[in-house]
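Written out below as structure tokens is the structure these notes cover.
By letter and in written order, the chains are A, B and C; residue numbering begins at 1 in each of them.
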Amino acid sequence: MKTGNALRSLLPVLVILALIAAVPLFSPSNRFLSLAISAGTNVIALYGLSVLFGQTGILSMGHAALVGVGAYAAAILARDFGVGFWTALPVAALASAVFAMIVGIPSLRVGGHHFVIMTFAFGQLLAIVLTNGGDYTGAATGLDIAGPVTLFGADMSDLTRYYLMVVAFVTAAAVASWAIIHSSYGRTLRAIRENEKLAASLGINVGRHKIGAFVVSGVFAGISGVLLAYFLGHISPSQFSSFPSIYLALMVMIGGARLIEGPLAGGILVAFLPEVLNLDPVQSRIVYGVCLIAVIMLLPDGLIGGIVRALRVAFSGKPKQEAERDAAPSEARQ
Amino acid sequence: MDIFIQQFLNGLSIASVITLIAIGVTLIFGLTGIINFAHGEFLMIGGIVTWLAVSAGLGFPIAVVLAILAVGLMGYILERGLFRFTLERPTNGFIVSLGLIVVLQHVVVLFWNPNQKSIPRPLTTVWEVGGVRIASVRVMVILITIAVVALSFRMITASRYGRALRASVEDRDTAALMGIPVRRYITGVFVLGSALAGLGGALLIALFPITPFTGGTMVMKGFAVALIGGLGNIYGAVAAGLILGIVEGFSAGYGFSQWTDAYSFVLMILVLIVRPHGLFGGTSGPRMAS
Amino acid sequence: MSPILAISGLSKQFGGVTALAGVDLAVEEGEILGVVGPNGSGKTTLFNVVTGVHKPSGGTVLFRGRDITGLAPHAISRAGIGYTFQQAMAFAGLGVLENVQIAGEHRRAGGAANPWPTPQALLDFVGLSALGGEKAGVLPFGSLRLLGLALALATRPSLLLLDEPAAGLNDRETSALVGLVRQLPGHGITVCVIDHDMKLMQMLCRRLAVLDFGSKIADGPTEKVLADPKVLDVYLGGDL
């Protein structure tokens, strides 16, 4: 019965993703597909970030750097070793995971509020290293990545096919993130989020699990990076510096980090809002910033969390609210 | 030797601006636990106000005062309107500051385009002393910073308010129990920190052109300095600011300028790994004990 | 028989302040031992040093003959010592049942037969089975204390350290807690209670150890210790 409940929480996401996969039937514009693909690559990284932030309670402000490690790994593998997309995928995921561990061990040792700053600093440092890396990293101009992506002999480089492939990856990321949330590992991470001291008293190795969660989020980021690199065909350091990191954090905040719908909603909203409202990039960034502040101040569970709560109040809220109001004074009396 | 002295002075003038940010960062974090990443944007706004005032034909000294007042006012409004509500959850305050970064930068871009902005140097004299070329504008920046930092020190060490402030940074809850109006001090520190950032921005644009995105790197340096010095520790911030500014100055002078921005991060990461509470010791911020 | 926990010469300095000055203490298998002392006597420091929150300045802690001095908190728990805090009792944002599930998932492998094989059985034992679906954060204080006890028991300890387990409880809740703790030795769990509440200690413990200024000043059967002039002196004007 319990797994049934858990499965039901995954269902809305699967339905939405099925609808998204059906979009090419309505012959969308190339612009729509491009936007959707870059939103999709973000969503994959966001599912990793939701494990880190939503479940473990650790915020990374250098997450774009982990995406960048994946992207550069793919580009360098293709250039120097002639390695294609499918081989690059696990290697890049591993590279990002290792980088996450290298960043995570000292950062988490420092602990507390400082962790956020450490991840940001490491992200900045990576961008500087990539910029000063000479021919190896292509310096400020970055690297080209040319090479078809094929699947069972079919060329996936076509926009619609790449779109469908990204949707499949997003689905896999959502399912993986869901599986983590509903596993005993997810429970362990939530325990750390709620109270580290108590978690340790119950035999949980807090430090190791925090680094572990960071490494897991690195795997998602690395895969996202490979997809992004092969889609864009060109990558440069500025794509992975501090601002992209802030936007990733913003997306996961706006969507809500603890719900399985959150990353999907956040990624799609942030990508398509400017199109819908017909904003230029500058205006849309101001809107993002204001949204982020508003969400944090008014809806700490994110937009979707807020909507879910509002719906709950609208449908069954009244009796529950009253019950809660009744419970409070009796508690005080004791 | 000549180039040594010259780089030392250059480094010192950079250190001045970084220190002005770091003092604000360190005080705000010490008292509220809020990591205000938007502090760099406060500095940038200070520079933009100076640029607007000078472009409108006002003199540099008036422009500096306007920058201090404008950014101080902005700090007041943001503290009253936003950060006040995040005191119980400092992480939210940090996220709010990220939103502010994006908003402030792009509001500036929206009204005044993203290009570099500069003002004519307020002082153009260059002294030649024994083969060393000393730009008077750099000396001005250093002297103003020394004066302001000395004044802040006096305020914080000698006055009754300063002692209450330091007690609040040390332990907010106990200070509140002792009847210190901590909330008002928080507002005060936000305004003071913002005003210092405004001054820093005005001094920065006197030295270099700025863009709406200057804040990002500067705030990281400010934070690096605050962390290296020990959060909440003003003396530490000044000492670490000097170290970093001089390292950067020399590195630029001896041909490693492309790595300039990396030093603060490397230094900060190293210091935090070896001494998590900074070189000179600091607080971990309020409510971090448990 | 050798004691289950043997503390010898344990000391702890904070800066120049001595919180523990070479304490020797043996907890015997199957007993409920009380460690008492006025505020600032070193009780909580003793608890924190044994559970790995603080590293000791000197001395050793042997658990079933194994040196566990200075191990990390999670390693102490895995070695088979359960402990509860005064403040952090449960994961407020998580469900009551989920709390107990988490607590049972990180214990060491093997060990004796488990008196409470499922989380539900453990909730039954502490009387919270009806509240399994609630969020821990909404529980009344007394239930939260019992949940804290359940969490520590879920790690299947052979020694349980309780730090002021009855703080904040009313008389009815306290006697419910005492009833539960008294059953623990019957389930193969040795208990060491740290508290200054003499009434609670008299209900729970046949043996008491008294700390004052970081040193042990008395150790023996409860009635004898309570008649000891040194102890009376420490507690003069207290609630004896």
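FYI, contacts are C-beta pairs under 8 Å (C-beta built on N, C-alpha and C of every residue); 3 or more make two chains touch, one makes a residue touch a chain.
Here's who's who by UniProt: A = Branched-chain amino acid ABC transporter permease.
Please read these numbers as outputs of a predicted model, since none were measured by experiment.
**Student:** Among all chains, whose Cα centre is located farthest from the one for chain A?
**Tutor:** C
**Student:** Quick check: more C-beta contact pairs at A-C or at A-B?
**Tutor:** A-B
**Student:** Take the average of all CA coordinates in chain B, do the same for chain C, and state the distance between these two points in whole angstrom.
**Tutor:** 49
**Student:** Based only on mean CA positions, could you tell me how far chain A sits from chain C in angstrom?
**Tutor:** 42
**Student:** Quick check: how many Å separate the C-alpha centres of chain A and chain B?
**Tutor:** 32
**Student:** Going by the contact rule already set, what residues in chain C reach two or more other chains?
**Tutor:** Each of 88 in chain C touches at least two other chains.
**Student:** What parts of chain B, by residue number, touch at least two of the other chains?
**Tutor:** Within chain B, the residues that touch at least two other chains are 290.
**Student:** What parts of chain A, by residue number, touch at least two of the other chains?
**Tutor:** 197 - these are the residues of chain A that touch more than one other chain.
**Student:** What does chain A use to touch chain B in their complex?
**Tutor:** 59, 61, 106, 109-114, 116-118, 120-122, 124-125, 128-129, 131-132, 197, 242-243, 246, 249-250, 253, 282-283, 285-286, 288-293, 296-297, 300
**Student:** Would you mind writing out the residues of chain B in touch with chain A in their complex?
**Tutor:** It is residues 29, 33, 35, 82, 85-86, 90-92, 94-96, 98-103, 105-107, 109-110, 216, 220, 223-224, 227, 258-259, 261-262, 265-266, 268-269, 272-273, 276, 284-285, 288, 290 of chain B that touch chain A.
**Student:** Could you pull out which chain C residues touch chain A in their complex?
**Tutor:** 51, 53, 72-74, 77-78, 82-85, 88-94, 98, 101-103, 105-108, 138, 140-142, 151-152, 154-155, 170
**Student:** Note which residues of chain A are touching chain C in the complex, please.
**Tutor:** Those residues of chain A that touch chain C are 184, 187-188, 190-191, 193-195, 197-206, 324, 327, 330-331, 334.
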